[in-house]
Amino acid sequence: MIVFMERHSISEQVDRVVAELGTFGVRTTACVQDGRVALIAERAPMPEIIERIQALRGVAEVLVIGGSSRLGSRAYRSADSTVRVGDVVIGGPEFVVAAGPCAVENGEQLADVAAAVALSGATMLRGGAFKPRSSPYSFQGLGPAGLELLAEQRARTGLPVVTEVLEPAQVGPVAERADMLQIGARNMQNFPLLREVGRSGHPTLLKRGLAATVDEWLAAAEYVLREGNGNVVLCERGIRTFEPATRFTLDLSAVAVVKRQSHLPVIVDPSHGTGRSWLVRPLALAAAAAGADGLLVDVHTDAHNALCDADQALTAKEFDELMRSAGRVLGAVDRPLACSPALVEGM
Amino acid sequence: MIVFMERHSISEQVDRVVAELGTFGVRTTACVQDGRVALIAERAPMPEIIERIQALRGVAEVLVIGGSSRLGSRAYRSADSTVRVGDVVIGGPEFVVAAGPCAVENGEQLADVAAAVALSGATMLRGGAFKPRSSPYSFQGLGPAGLELLAEQRARTGLPVVTEVLEPAQVGPVAERADMLQIGARNMQNFPLLREVGRSGHPTLLKRGLAATVDEWLAAAEYVLREGNGNVVLCERGIRTFEPATRFTLDLSAVAVVKRQSHLPVIVDPSHGTGRSWLVRPLALAAAAAGADGLLVDVHTDAHNALCDADQALTAKEFDELMRSAGRVLGAVDRPLACSPALVEGM
Amino acid sequence: MIVFMERHSISEQVDRVVAELGTFGVRTTACVQDGRVALIAERAPMPEIIERIQALRGVAEVLVIGGSSRLGSRAYRSADSTVRVGDVVIGGPEFVVAAGPCAVENGEQLADVAAAVALSGATMLRGGAFKPRSSPYSFQGLGPAGLELLAEQRARTGLPVVTEVLEPAQVGPVAERADMLQIGARNMQNFPLLREVGRSGHPTLLKRGLAATVDEWLAAAEYVLREGNGNVVLCERGIRTFEPATRFTLDLSAVAVVKRQSHLPVIVDPSHGTGRSWLVRPLALAAAAAGADGLLVDVHTDAHNALCDADQALTAKEFDELMRSAGRVLGAVDRPLACSPALVEGM
Amino acid sequence: MIVFMERHSISEQVDRVVAELGTFGVRTTACVQDGRVALIAERAPMPEIIERIQALRGVAEVLVIGGSSRLGSRAYRSADSTVRVGDVVIGGPEFVVAAGPCAVENGEQLADVAAAVALSGATMLRGGAFKPRSSPYSFQGLGPAGLELLAEQRARTGLPVVTEVLEPAQVGPVAERADMLQIGARNMQNFPLLREVGRSGHPTLLKRGLAATVDEWLAAAEYVLREGNGNVVLCERGIRTFEPATRFTLDLSAVAVVKRQSHLPVIVDPSHGTGRSWLVRPLALAAAAAGADGLLVDVHTDAHNALCDADQALTAKEFDELMRSAGRVLGAVDRPLACSPALVEGM
């Protein structure tokens, strides 16, 4: 349940609502949504208490919503949300493709990949500067130097940049350099990080956890939303199952489940979701047909020598072919592929 | 490893190969493939032994293939297989849709559904006469009477019929009435049933088990193939995972994995694979885009009162819309939708 | 819901109850339990209809039970069931250990293993004559010859024998030779087989399916129970998960869940449940501590050369040590280890 | 591979080894172990290169270890590690039980529970001050005030305290107040947090992630170990599977797998691992029998009104019964239950 206060409600009125609900053992947390105080209750009380709350001074509206997804739910907002990243709009009529290397390795590598994906029509550049790796002895990313390289390629190609943050202290510095903050699958329930990203107000890409249900994923998004940051895009990237032929099992049903339950945009990562470069194309086309709002694709101009997840990166040529095929499938579901600024303006 | 004997090899020659391999602890099983005796070894012996075998009298060819998929593997046959069911060809250039009720309930219901799916362009009729149900207290299907009703609708609509068999003793009677035998997910490793279906030579639809890896699925197909029955079509229908938002997790990556490893056709069942009627359309389109050879779809003209899996059946209208959308997506991947005989000949 | 008819009820009275429930759309199946007709309803109707049914002539009692487990549920029978196999009682105060080779390979192997396990205190002999194997090219068991060998060892050691059946046609012949029929994990939902085993009245060991929930497992047992065969013992043998360090994930919680929901005995197979011989001992002791009624253990006197599941078999010496350790842990939970007839009578 | 430098090696010698390995594309990370510089290589190079490295000045020893577990592996240290927390030793001959409320709710609740568990023989007090919750609208813990309450009860009962940290910034303040830092399942791959906990040198309890393989779990421990903090205790707490009867599937095989691969102590949390209070006792006894080094148990003196995970907490009486039963099972496996200081000194 959410209690929206009037725009000009005073704090005594808010306190009164909190106290009244507290009497019935209902805990609330307050946040500001569209300039109004919203009190979100842990659970909905009995109907007669709801009536009583509605009658209190300063209360504008009471919305009864079940589940742990509140601000992200269709009940809260029936129309699709859009998230603007630079000049790119995710969740609108156009399908958006973010592409780039899994990890930024050096300036030359990033420049090559960025130029290639821009020319093939990608509308965003992805690349990891801080890499979460299972083993401490694996390559951990270039760190701040990687952020600089990403910023350079943004300037050169005009593509907005999405890159991962691993801890609260990185949010500020990364938000200064990158257009969108990525929360990786292993951090989907890193709640201090989610809150900090929420406070930043910065566009956020929230990957689904390896063992997260759709409900838990939407609940994680709620941590960002309740800080007043509505710029959340979800990303399906495969769940853990018993099947060893793929690294993860890409759950395309989840795209349609999210679309039904939530107003947030959702994109698909067929690279991490399958872990095999030869599976990226068929699954990317499937994602487009299933109603995803975009893709996140690993591309590497020297895939065999990639320092991270080499098996799953497409070559520039494979990515180009994917973009052409995706354009055709998207046409069949009446959804245009967003135009790369590189192609529009000539690079 | 497979040792192919010459067409005119004599049994002493075959015995000699078996004995020779046995000396090195390599067990073989014999089957007939394309009129030649093929001896399939449990595992490949050392290269020098292989050479020795190749030199034996009567041996035409030795093929070294790893994994438990042999006759179904791309190594055995690089070109795609096609399976003919009545006038329908599965695995060829055309995309094939089998549709109908989960369970045959009565003559009127089946007639309604069959007419509806035929008019919307389905090329095969599906319907269960013998239903495997988790609980013995659930509706178990009409049995032989259901087979009769299916045969009637085949006559009326011209659509070949696919229906499930649950035990070896049913294979003969069902093969007389139906065009294709379905092995359900729960029977994927019912080896006596697989062998019997293999012996029948009848076209067979082999659903993936709920917890089967792709390798185990292909190994199950091998039980049918080694009886000399090459008419096997695989069907992805969702695997069991932790996600409760869907009944199963449809694994569309498996379609592309199968296509890479095996020459057998593979279709997708988005109805059982998701268990939610509103997920059938997006996942069916995704399957088409991912390279599946066809679909198996539950349709019910009175979905709310279906006796079996009511939540997942499409209405006739929803199925019609699905067929139109699928046709467009298939166009985008250069694959025509097979033409229903009902539409061709006018019903 | 179950409607029990009086012992002397007549068929018109039974028909009346069936018809009355049918009026409200409630389907029933009839079976005979303890000499009385029992009508088991697919679902419970409204309370007022239940009252009406209770008032009908010939109705002795109406029992409202939810879930798909009815005859196996604690609601149906609150006391623990026991199942007698030869002179062995499973589910009573004593803990029962069945041990032997995964597959019967030849007379000498079986004689060696049988003697060894009997001397270490096993109370039953296990061994597969018909082996379900993922690949058709793997050793499939000795078949009828294996049954003969098992019968010989039963005569020699006095240990009752449990062995697997794969299809309905095997039930009769195997029941003549073996004391207990095993339904393997891959056949847990082979409903014709379950029904046939039910009709045989023979003691039955029902293994849990690789992807079966406890509810589905109990529903599978129900297929046997409703044929009037109450001699069902359940066997936990691991479920499929993402963890590759073990072949399956042994779910010991399931033992306690079954004990709470059902009156049926439940034993544990730590050999198949882990797939690693060095894990058998710790998990066997854990099963004893968790309240299981017994164990099923793979033992092979020449484990390295076993034709089936070699990695998981204990040597005779390891089995002997396991039995001593198990005896101590069982003592700590006040449960005696059943005495082997071999040890009692001297072999 | 690990290259240990001599105690008096100089930085030029270290640089030389790093450079030499770099020539062959082998990346290293340096850490200090027992006062010696250890260079841990991402992968092992060819044998001839290893020989060359061994011959370099300042190199004391080269240890070739596969997998991502290095410092935690049995290859690195064959004897069991012990971790001292206050006066308690985990991983030694005695079995250690940490018990307390899931979340610290208020002073009275914690005092009641602490007294109860101490009197029943618990040797550590557990309780969450910072709670990671799926939903931002659920109770998030008392925070710093909760830490104070824990410190008070430590003083009163003499029980060392284990409590969770959620982010790097909490590590310092929590380490000042608590005896052991817990990394929760959702943070198992929160690498900045693991590193910070490693730097603190404080005893650390690392729970297994919901979807983590044993290998990934040991790799996560490696992040702590390589900072020079060897005080790591692992905690199995259930993995995510398809089974809905329990909240998670407690994987007791993992205990024995860890014991074989690693020298680190491992305890079991049957409360979170099952999510059902009536499953805690059987699974706790099973864990003791399977060779775990201890338990982590939720206890609440008013379990029905617990603010967090109410379904899984034992009452004080149930916990007392558990301790008596555990003592008997531990006796059967020759392992004494550690003596509570409260019982020794009289509280």
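Think of it as A, B, C and D in the order they're written, each chain with its own count starting at 1.
The rule is simple: a residue touches a chain if its C-beta (ideal position, glycine included) is under 8 Å from a C-beta of that chain, and two chains touch if they have at least 3 such contacts.
All values derive from a computational prediction rather than experimental measurement.
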Recurring contact interface, reference C-D, options A-C, B-C or A-B [over half identical by residue number]: A-B
Pair of chains joined by more contacts [C-beta pairs], B-D or A-B: A-B
Distance from chain D to chain A - Cα centre to Cα centre, in angstrom: 32
CA centroid of chain A to CA centroid of chain B, Å: 38
Computed distance of Cα centres, chain D from chain B, in Å: 48
Multi-partner residues of chain B (each touching 2 or more other chains): 211, 239-242, 244
In the complex with chain A, residue positions of chain D that touch it: 27, 29, 40-42, 68, 70, 132-139, 166-169, 186-187, 189-193, 209-211, 216, 219-220, 222-223, 226, 239-240
Partner chain C, residues of chain D touching it in the complex: 211, 213-215, 239, 241-246, 249-257, 260, 273-274, 278-279, 282-283, 285-291, 325, 328-329, 331-333
Chain A-facing residues of chain C, complex: 240-242, 244
